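Take this structure first; my questions come after.
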Amino acid sequence: MHAIGIDIGGTKIAGALVSENGEIIAEDRQPTPAGDAAHIVDIVSSMITRLQAGHEVVAAGVAAAGFVDAGQSTVYYAPNIDWRNEPLQRYISERVSLPITVDNDANAAGWAEFRFGAGRLLTDMTMLTIGTGVGGAIVTQGRLFRGGFGAGAELGHLRVVPDGLPCGCGARGCIEQYGSGRALLRMANGIADAGGIGLALADARSRHGELNGTIVGEMIAAGDPGAVNALQELGRWLGQACASLAAVLDPQVFVFGGGVSVAGDLLLDPIRESFLQHLPARGYHPEPGFVIAELVNDAGVVGAADLARIHAGRR
Amino acid sequence: MHAIGIDIGGTKIAGALVSENGEIIAEDRQPTPAGDAAHIVDIVSSMITRLQAGHEVVAAGVAAAGFVDAGQSTVYYAPNIDWRNEPLQRYISERVSLPITVDNDANAAGWAEFRFGAGRLLTDMTMLTIGTGVGGAIVTQGRLFRGGFGAGAELGHLRVVPDGLPCGCGARGCIEQYGSGRALLRMANGIADAGGIGLALADARSRHGELNGTIVGEMIAAGDPGAVNALQELGRWLGQACASLAAVLDPQVFVFGGGVSVAGDLLLDPIRESFLQHLPARGYHPEPGFVIAELVNDAGVVGAADLARIHAGRR
Amino acid sequence: MHAIGIDIGGTKIAGALVSENGEIIAEDRQPTPAGDAAHIVDIVSSMITRLQAGHEVVAAGVAAAGFVDAGQSTVYYAPNIDWRNEPLQRYISERVSLPITVDNDANAAGWAEFRFGAGRLLTDMTMLTIGTGVGGAIVTQGRLFRGGFGAGAELGHLRVVPDGLPCGCGARGCIEQYGSGRALLRMANGIADAGGIGLALADARSRHGELNGTIVGEMIAAGDPGAVNALQELGRWLGQACASLAAVLDPQVFVFGGGVSVAGDLLLDPIRESFLQHLPARGYHPEPGFVIAELVNDAGVVGAADLARIHAGRR
Amino acid sequence: MHAIGIDIGGTKIAGALVSENGEIIAEDRQPTPAGDAAHIVDIVSSMITRLQAGHEVVAAGVAAAGFVDAGQSTVYYAPNIDWRNEPLQRYISERVSLPITVDNDANAAGWAEFRFGAGRLLTDMTMLTIGTGVGGAIVTQGRLFRGGFGAGAELGHLRVVPDGLPCGCGARGCIEQYGSGRALLRMANGIADAGGIGLALADARSRHGELNGTIVGEMIAAGDPGAVNALQELGRWLGQACASLAAVLDPQVFVFGGGVSVAGDLLLDPIRESFLQHLPARGYHPEPGFVIAELVNDAGVVGAADLARIHAGRR
């Protein structure tokens, strides 16, 4: 039977009716009315009702950035949409006739990759979502790892530099500041300031007013040496973080999703090289794979739907 | 029904017959013939046979330092006893009439704490064993976390300093070099060299030829300001590592075992304080507890026995 | 007999007819059509033809930023005008009736200083050209040092800080990022942000929209304490680089050219002081001189002409 | 015609009669009476007289550690044998009937490699001699590079870390402190302190009282992971230094001599890997070769003899 997945992002709310095999049967999309929790609940509820119409649906899962409690019902803290302790599960349940579960969006995306994408033949996977920030998901022995309070797998906040760059989480030196899309822009700006291989970046910056992810991404794709150099620096930091994560989590594969991951091998190569240089007990520790996520755009809704189905006991 | 647990340490091999409630019914102990794998197999096999005599025993579990494969049968690499790819499970199975499983010793100790000690009322626990090195164990949703290749939870090799002190694992900057008993001695020696609060340490060092864990431990217990200062430095590093681990693992409790943990609150206080200073999303991330392990001496054998019982399907 | 020198800069192409004594007999100047290699070849060829008319000319030398092959014919890589592997010598030879050689522009400028300027009485000289970037030239035993592949004397890419600021060359921590005109602007902006001695810089910045080399240069000449402080920081970095270079190259004199060198002793004093602080084996290593280049504006064309004359075997 | 080469080392004085093809016809060896300059002159003079007897000999060259003046006659400063401003050329000339020249020992060894060893088919070579310290030699366009005062090519004193480890030369952060045999021992001791892969080093250290080059060298040859790890760290530093040197000197090949170089590819592999990571303008800069010296033991005497023959105008 089908399930519904909803992914509340910073700019849009995406919804989909998803089959047991992870296929999208129908979808919907609305802009996010940021900061207006009640309005978001309305949009999500009517989106679920619309997607459900005329189908047998077993459950609906809602994914959002932020901490979700271990009971999968309350959003403690969602930085992008300014939520604090919102009992989202209850609010939506009052408006629709389906079992509702709430999950962290990176967990939903990771789960989708594990079930239907890059991790589908394995049991233990670690995923890093390289978007504006760095999200994480952990699957172990075929189960999503949520942590004791539901706040685990916040892999973007692994510290890589003591007293390093300040992070939006209030700590310092988190890998999010060295391995995210935002970090890539900081590195690209540094290279633009340096002349030489940075001249094309500097030129693009003055033509467009400032660099953004689209511009830098296109320059990476076109092989601009400055933009590729910034991506390599990003990759080396991610490889170092993965070396620490391998000591803790020992996944069979690291999967990289999010907007930056479209760079493919240009991103994976420096990650892998730096990983091997920093891997504890290299030569004794089995080496994981490094791959790009396969479901980039739909991962959130597909994963949220599947997690809701599992929570409802139908898989 | 009872199970047998064996813990192969660097200096001694301990064995015990353990009840379903974690009680020790009988025990045995032999010196470790380091480097002589065949001899170790003989000692372990006859120890199991002796402990088994006259009891109904369901299985025997053997714990050793090092990487153990995901099938719980082969020791990839045991640094202290110089093993490489030893099929320990097979060797012992050929000599005894019980199902045999092999496990990492920190995992066994952690599992014992989870089942019968400091973690017994919870579902998610992270344990750090602070001995000569730093061992780790992770329990999530009531299950031991082993990783995709059986080499997970090597928490001593989380990196805390890029290009930091060289580590026995071949990498650099691992928490083992900042949070272990060996690190405590390095810190105590540094304070002894510095005069002032280090004068009593310097004095002890010249009386005994060199500082060791027993001397420094006694001086900590006696409140010597230099020795306590070294312990606080150690605690602050451990607290920083726990802040990174909380972002990844989000345990309900951190448990500290191993010889250094007898320092109790003198160790826990700087850990907790430093943890809060470095915790990502402090104020939003639920705070775990920090406690000392309860089964210090018996944890290895009790855990190995219980894991063998589970593996044999009898719990 | 005369020779012709051409200097292809980022903004203009300069050409001169030069006597055997380094005197300029006639000159020409055109804007650089950046990025359009064919057009540059046209401009250079007709400039040579025009300068040659009515004179006996032995050869023409063309200088450009970037790597030139050891055979002095191909530009591997010219970052400012976006050239890759251009057989510049062949293109121009097809259009003019003179022997043509190609050289790196910093080498040409350095050679001119050695022959006719600050190094004329010596045998071993190291020159640093402090413009937007940092160029280099080495003369040893009266010969220009080109390196095994023609890519030597790239002194701006000596590393002074491991994992330091990203450089336009793709590496990090190069002296170009700490000792160039671009670095001077970065330092001046940092001081402008700091208040106190930076207030006049901050004021100039808000009046002009941003700081540039002309503004900062005028403020240095006028003795503004913030601008002079930035120059001193620059000088200290250059002095440290010279200490490393002295261990390798042991020149009799360091010559400083380029736009920033007009600051004269205000630049040389902190260089010399920092050099002595960091010189290996100070007290045993003979001390080189530190002087400002004498031919600042004409060095490129004069040197290119003289190198072409030597290559043609006429000196 | 033959020439004589003498190499005054810290522990022994070696002499040889050398053919024009670099073959050793006869040799001699005496212990060095350290600190006694007059006695050294006696030993060297009678060694030359003995080697000369019955042969036609064109000149004799004497090599010693330290700075030698550009006229190849005076030793400014020889740290190992405590010489200051010794007119060695004159002292020996008064006792023997041959033209005498004096040279730095690393220059002599480098020249031998260039003429008869690893650099014999090339024109531009940079050699690093990795012994207790780090020596250097530069050949460019087929000529030995001596610098303006004869004190060039002191490559061990290129700075790699600002405010780094103190160096015997009085400066800080020289590559000699990160890439020499002495540095290898420091790194090996650090790993011995770290447990794990350092256990065999720690064991060797307590058996022998302390680690020395022979012990660590044998452990590297036997593949001990701790000793190999120390060598890899050494190699990574040397690779970084070579990246800076390539920007300045652009050799066709880097040759590694001295005791540590017997490690062969175990040393070259991390050097090459780290070189490529740090090479300025990687992808545009032609890549040099990395090879081990071929004449390890005889390089000093063979090179000193050949340099004396050249100085005497007989080649």
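Every chain is named by a letter (A, B, C and D) in the order it is written, and numbering of its residues begins at 1.
The rule is simple: a contact is a pair of C-beta atoms (placed from the backbone, for glycine too) under 8 Å apart; a residue touches a chain by one contact, two chains touch by 3 or more.
In UniProt terms, the chains line up like this: A, B, C, D = Glucokinase.
Remember, it's a predicted structure, so these values are computed and weren't measured experimentally.
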{"item": "Remotest chain, chain B (Glucokinase) as reference, centres from CA atoms", "value": "C"}
{"item": "For chain B (Glucokinase) placed onto chain C (Glucokinase), the superposition rotation in degrees, Cα atoms, nearest 5", "value": "180"}
{"item": "Distance from chain C (Glucokinase) to chain B (Glucokinase) - Cα centre to Cα centre, in angstrom", "value": "61"}
{"item": "Inter-centroid spacing, chain D (Glucokinase) versus chain A (Glucokinase) (mean Cα positions, whole Å)", "value": "54"}
{"item": "Computed distance of Cα centres, chain C (Glucokinase) from chain A (Glucokinase), in Å", "value": "48"}
{"item": "Computed distance of Cα centres, chain B (Glucokinase) from chain A (Glucokinase), in Å", "value": "33"}
{"item": "Shared-contact residues (touching 2 or more other chains) in chain A (Glucokinase)", "value": "196, 225, 281, 283"}
{"item": "Sites on chain C (Glucokinase) touched by chain D (Glucokinase) in the complex", "value": "67, 76-77, 122-125, 136, 138, 140-141, 143, 145-162, 167, 169-172, 174, 240, 243-245, 247-253, 278-286, 288"}
{"item": "Residues of chain C (Glucokinase) touching chain A (Glucokinase) in the complex", "value": "79-80, 132-133, 165-170, 176-177, 180, 182, 186"}
{"item": "Chain B (Glucokinase)-touching residues of chain D (Glucokinase), taken from the complex the two chains share", "value": "187, 190-191, 193-199, 225-226, 229-230, 233"}
